[in-house]
Amino acid sequence: MKDNKLVTTETSLAIKGLQLSFGAIQVLKDVNIEIGQGEFIVLLGGSGSGKSTILNCIAGLLDITDGQIFINGKNVTWKEPKDRGIGMVFQSYALYPQMSVRGNLAFGLKNARMPKDEIARRIKRAAEILQIEDYLDRKPAALSGGQRQRVAIGRALVRDVDVFLFDEPLSNLDAKLRAELRVEIKRLHDRLGNTMVYVTHDQIEAMTLADRIALLRHGVIQQFASPAEIYSKPVNIYVAGFIGSPSMNFINGQITGREFAFNAHKVNLAGYDGHLRDGPAILGVRPEHTGFRTDGPGIDATVEMQEHMGAESVLHLRLDGQRFTLRTPDDTHYPEGTRLRLTLDISRASLFDPQSELRL
Amino acid sequence: MADIAFVIPRGAKPRRRISSRNVIIYGTLIVVALYYLLPLYVMVVTSLKGLPEVRMGNIFSPPVEITFEPWVKAWSQACTGLNCDGLKRGFWNSVRITVPSVFISILIASINGYALANWKFKGAEFFFAVLMIGAFIPYQVMIYPTVILLRELGLYGSLTGLVLVHTIFGMPILTLLFRNYFAALPDELFKAARVDGTGFWGIYFRIMLPLSVPICVVAVILQVTGIWNDFLFGVVFTKPEYYPMTVQLNNIVNTTTGVKEYNVNMAATILTGIVPLVIYFVSGRLFVRGIAAGAVKG
Amino acid sequence: EDIEVTHWWTSGSEAAAVAEFAKAFDATGNKWVDGAIAGSGGVARPVMVSRITGGDPMGATQFNHGQQAKELVEAGLMRSLEDVAKADGWRDIVHPASILQSCEIDGEIYCVPVNIHSQLWLWLSNDAFEKAGLKVPTNWEEFVAAAPDLRKAGIQPLVIGQQPWQAALVFQNLVAAIAGPEVYKQVITDKNVDAVNTPEMDKAFAALVTARELATGSNVQEWNQATTMVIKGGAAGQIMGDWAQGEFAIAEQVAGKDYTCLPGLGVSDIVSTGGDAFYFPAIDDPKIAAAQEALARVMISPEAQVAFNLKKGSMPVRSDVDLTAANDCMRKGLDILANGTVVDGLDQALSADASNQLSDLMIQFFNQPDMPVEKVKESLIGILQLSS
Amino acid sequence: MARSNTQERPSRLFRNLSAKIAAVPMILTAMVVFVGFSVWTVVHSFTKSGLLPRLNFVGTLQYERLWNSDKWLISIQNLVIFGGCMLVLSFVIGFVLACLLDQKIRYEGVFRTILLYPFALSFVVTGVVWQWMLNPDFGVQSIVRGIGWESFAFDPLNNGKIVMFGVVIAALWQGSGFVMVLLLAGLRGIDDEIWKATRVDGVPAWKTYLFVIVPMLRPVFVTTLVIVTAGIVKVYDLVVAQTDGGPGIASEVPAKYVYDQMFLNQNLGQGFAASTMMLLTVAVIIIPWAYLEFGGKKRG
Amino acid sequence: MKDNKLVTTETSLAIKGLQLSFGAIQVLKDVNIEIGQGEFIVLLGGSGSGKSTILNCIAGLLDITDGQIFINGKNVTWKEPKDRGIGMVFQSYALYPQMSVRGNLAFGLKNARMPKDEIARRIKRAAEILQIEDYLDRKPAALSGGQRQRVAIGRALVRDVDVFLFDEPLSNLDAKLRAELRVEIKRLHDRLGNTMVYVTHDQIEAMTLADRIALLRHGVIQQFASPAEIYSKPVNIYVAGFIGSPSMNFINGQITGREFAFNAHKVNLAGYDGHLRDGPAILGVRPEHTGFRTDGPGIDATVEMQEHMGAESVLHLRLDGQRFTLRTPDDTHYPEGTRLRLTLDISRASLFDPQSELRL
């Protein structure tokens, strides 16, 4: 799906058998990730799933319990954070409040005893890239949220590191700014070509930014694949439900041959991309992959509510007593009670085993 | 007034200056403030009276004839044994004791707090808990072993020894303050500094310390007050050439025979309290702010 | 050589007295460095002990002689003055001998006694008796008999401050005067428990109950406040040591005219000894050692004794000096010292622990009108047993 | 566990070495001073040490004597009275004042300064001043009588039954301002929206303070409680300066008992026994609290 | 556009000439709003625009400087908050932490001295509506963010008020939960029919929830209209740019007759809904109202970057050196540098006067 950047086969960052416990609580359970040079990886997951913990392990800010971490082929498991060739950007920006923007950018370089003119050169370059030249002498308190976050990125940028680590860098910003900075980070990645590991719980960010997404739950990676694959072929119900907004609709039923039966309805599974088997199953259909018309054949559903979003709308339906959502680029208003006929796009749907919750 | 009741409410609520709520609030506060000020008033008034007037009159009446004699006497003439130079000598000793003690005790405690809040190592919490229990131990209990410790260190009777004692006994509360304050600072700041290649001391001196001004103000006020007002350690662990002002104050106030010169006592008392009072009046605002900034977060 | 001398003499007369020593010592070519700490022994003593045990001793320091410094001596922290004492014949010149014996440990002398305070005095306000239309009593019985009339006249018969040691002092007086010096020696000095239950002691205890009644209503804390009541005539009498004279003197009262002093409560001619002494920490420096010796000699020298004790209002430790300037009361004391019975003061006889316990016991007794004498006896026996 | 490119895991001891080195003063203080001295004290409480500490053991003799001593029992009783009054009153007064100051009033800074300044003074000063203020002849009592109320009697310092309340008055004067400031800081930390919510709910202010704010201030109360309690257990200077334990021994407190035994009575063993009892009490109160506060949860 | 609820002509809440200053700073400048019975009004605007301030004025939590406030026809300008018939829900939930959920719900009622059984009845009903029956005895600390916010709504619900006020009730929640609770609030409104005033800076919330949106800027209402109108006919450039994500594209040009000329291009304005006049103008086109094909006629643009979002994608283009965004339900990948031909849908575009910034 993506090809605008060279993802070399050379691994830039490798995590092997990473385990981490806080006291008796095991937070990370055998995490394995290999990331290619220049790849943009997003760690996605709900709150407490262990995203920040993985990032802190990569950065060397947490002592791991077991496992190894390699950056550019070197084992850095026990290296100090500064010696790992990483830069990190935090949710709360974590700018040094008593230093000017310039001071913030220079801090790490001064620590590395870099010559003055080299520091100045790098700050100049970073400031240009991030368009923060005008604020270089301000204190962080005098900057807006977006500007602060840019400075925070700049702090990683000047250090000329191999791997950028972002811990929910945008979640303190409002929706509009978030969308803007998201684009900027993407441009930055296109321009710099560094490896980036980006933590977020926002699936839009994950979908738009990532070359590959690692979806975490309770410290276990559920799926590590490209956004398109995660979107279209979620490995299990959790992933399927997590990705996509509004969430995927799930329907309990029974597979018999090439047919899926639920309540009084039958759906033909021709075109389904997966391994069918007879027996109970759960059908997952995304709201945006459901067609409808006001009459004709199809599964019967009633409009309960409609959310208008300007360019599109979401219909909240009732289908045999269950809720069903449907998304359409069409903003026509359907009053409560309107009856619709649905058609499910089976080629883009997923079927799950109710026991193992895995995709068939 | 009657028609006002029929006015349709619009615009700002008419604010009554003398509402019953305000009367209660300000009334209470003023009464309480007077209660708090009364002793200070008595001290000042008494210190400005001549001795006969003190003995005759009531302690609240203003001086009929203002005299600064007691102040002069307290500052430079009151005798302790054979030395009749009042509080003057003790004042400079107190400065010599207080300045390094405050500085060093805060430095050490802030390092402790920093290590506890940001660099947790095994057992740290245990040592801290011990320290907290230490905050409750009456100093009197500790005098004897401390004498032995100082003797073994060869610091007994020296200024260094006294500074050490103040550092030790100020440590529990100060460490608590700094630990809570640093723990309340965003963890990410600390992480960012580590990624930027700063070590333990670099982060402490260049990130944490500059950020701890509010809590330092609290610590300074607490320590200046505590150390300046200290009598016990000053007298037990040093020798006469280092005796702080409070020793002279004690000598003036506690002399048991003869006539009590109340006016001189009061003048001496005020003079002794003046340094912490000034520090407090100057930085009282910051004090409250600093406490709010982290000291009270359990 | 500079010698730092610590003491707790900070009041006007005390400081003036100390100045006499300092003057005399400086005249020997040494220098007296004053280390006064006010607030009586309670504040000063821990400082002194700490400094000595802390390894930073002063050149010389005041203690009440008796038992206070015994352990320091035993620990080898104090130097012996035996050589000086022998050479100068202190054992011959110091009178009464008991006062020097208090400085003796294992046959060696460790301190210089500098003065004697007798604690056994009853001070009366002539004014108060006049007001009540009474004759000034000449002994304890008369005083007790006068009490009801004094009360009627609105005068507090006996005033006792609330400091515990004042109560112990009253007890000491009653034992010495009413039970007699013999019993006093048995009970206080020898800690003979059996002596507590003698008829003589019963009389003393009865007097103690009487004293409690006489003292009811006295409402002062410190001893000098009590003395002030006597001076002003608000109270008729106070049992206090001879240092009370200082207060009368400052108030410009004349002995015999404005006030009357009755040694041994006017019952018997006794004085107690007790007072202050200087000890010299062991310091490994011959020059300082020499200066210490010089100081010891100065302190006990006749000239310094006269000068010091006149200012201090106490009696000299040697009988061979002439105190022509002494007033009426001090004369009485000196006479008894020369001819009468001398008993040990509490500090000499009891350990600090025991004497403070006694004080606490007595103040409790005075503050609790319902406390029976039996309880006091019992506790007294306990204290004596503990300290023997 | 065959690792190919394994780097040795550094020894636990040397991780965070700087932090450990920096904590050495704290560790030494904790272990040598607070633990070491306490152990030393406990050991010597079983001896007959007099003026100097010695290891001449006498079993529990000192404790027997301690618990037979009226003075000690009175000290304990006084500490309970003083502590109870101080805790209740300083919190009530401190909290009421904090609430008043929290009303967005004018001259808040002035009032706050006035309420807090006694805190900058030493206990000795406080004791002396209040000894004076409470003197029946020229203090409060004479003033009230002077303005016409002839029968007014308030003479705590000369009345053994109520002397502790005289001490409490002085201690409150000095300490309640500090409690007030701590609680005020806590109040300021409370989310504004809580206030709005109670106003919309129509809850009267006093009820809000009592049922909503006070429970929310729990951590602040705990910290304040620790500080105040530490001060109560240690109370010494104030009593010495104000009453010197009098009248009689009516206002003795444990810290003074310890001091007097050690330095006036020259009976260190007894002083150490009393110290041990105090240490024990402190430990019984504090250790569970410290465990809950610092042992249980990870971050402060 | 909406008709599923009766919006009576009766006003439920009216704000007349509201002004408010903090000291010298005037935060609200003559705000006038009339809200019908049962209407759902969203106050939308950037940070500091005065949204919360207006809400607090309505609630009676701020003393206004000038103006009048009517609720159900009664002048409540000087009334106490509790007497205004309003309920309020806060961003931080503002639950009483030491009370159970039940206690939180009952607290206000107890203060109004309501009989016990009536309290129980109301709590039961609210708990049912909000589906918090299971947590009634838990403390707020033991609830998740979404549950807490439900309890906070319940606290307003039990008081049976005329007007509900919400101050950014969802902004502390993560994206997924936010979407869910948004739907719930909408359902709640449908069910209860109360008047609701809802503050947010999130335009999606505003668009989906509101019957009418009041868009604020610097304390001045820019536009007060239905979401559809604000979306399709923004009164000025600020409103146009604020609503819609990604933002509307703005192109400087010149109107001559029924044509809009910019650079070398000419666009026919036939079908434009507004009053045209000759002269300089700014054309605003929403990303989702721009069609494209890879060849054929149209305005020339080059792909710079593409954001994939699963169901749709956003194309960041360069059009004559300027940035131009385009949103399409099509997720096909267009590599960087792909040349596209754009067609602008003039019937859904807006033209603005460069001086006054107002829509033509």
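List of remarks:
So that you can tell them apart, the chains are marked A, B, C, D and E in the order they are listed, and the count of residues begins at 1 in each.
The working rule: a contact is a pair of C-beta atoms (placed from the backbone, for glycine too) under 8 Å apart; a residue touches a chain by one contact, two chains touch by 3 or more.
By chain, with names taken from UniProt: A, E = sn-glycerol-3-phosphate ABC transporter ATP-binding protein UgpC; B, D = ABC transporter permease subunit.
On a predicted model such as this, the values are computed, not experimentally measured, just so you know.
Separation of subunit C from subunit E in touch steps, taking the shortest path, is 2. Of all chains, C has its CA centroid at the greatest distance from the CA centroid of subunit A. Across the two candidate interfaces, B-C and B-D, the one carrying more C-beta contacts is B-D. The distance from the centre of subunit A to the centre of subunit D, each centre being the mean of the chain's C-alpha atoms, comes to 53 Å. Inter-chain centre distance (subunit A to subunit E, centres taken as mean C-alpha positions): 26 Å.
Between the Cα centres of subunit A and subunit C there is a gap of 90 Å. For subunit A, residues touching at least two other chains: there are none. Under the contact definition stated at the top, the residues of subunit C that touch 2 or more other chains are 46, 53. Each of the following residues of subunit B touches two or more other chains: 143, 148, 250. Against subunit B, in their complex, subunit E makes its touches with residues 63-68, 75-79.
By the touch criterion stated above, subunit A contacts subunit E in their complex at residues 1-4, 46-47, 174-176, 179, 182-183, 186-187, 190, 201-204, 207-208, 227-228, 231, 242-247, 286, 288-289, 305, 307-312, 314, 316, 327, 329, 331, 333, 335-336.
Those residues of subunit C that touch subunit B in the shared complex are 4, 6-7, 9-15, 18-19, 22, 32-40, 43, 46-47, 50-51, 53-56, 58, 222-224, 243, 246-247, 250.
Chain contact summary for the complex, subunit B toward subunit A: residues 186, 188-189, 191-198, 202, 206-207, 210-211.
Those residues of subunit E that touch subunit D in the shared complex are 56, 59-61, 80-83, 86-88, 90-99, 107-108, 111-112, 155-156, 159, 167.
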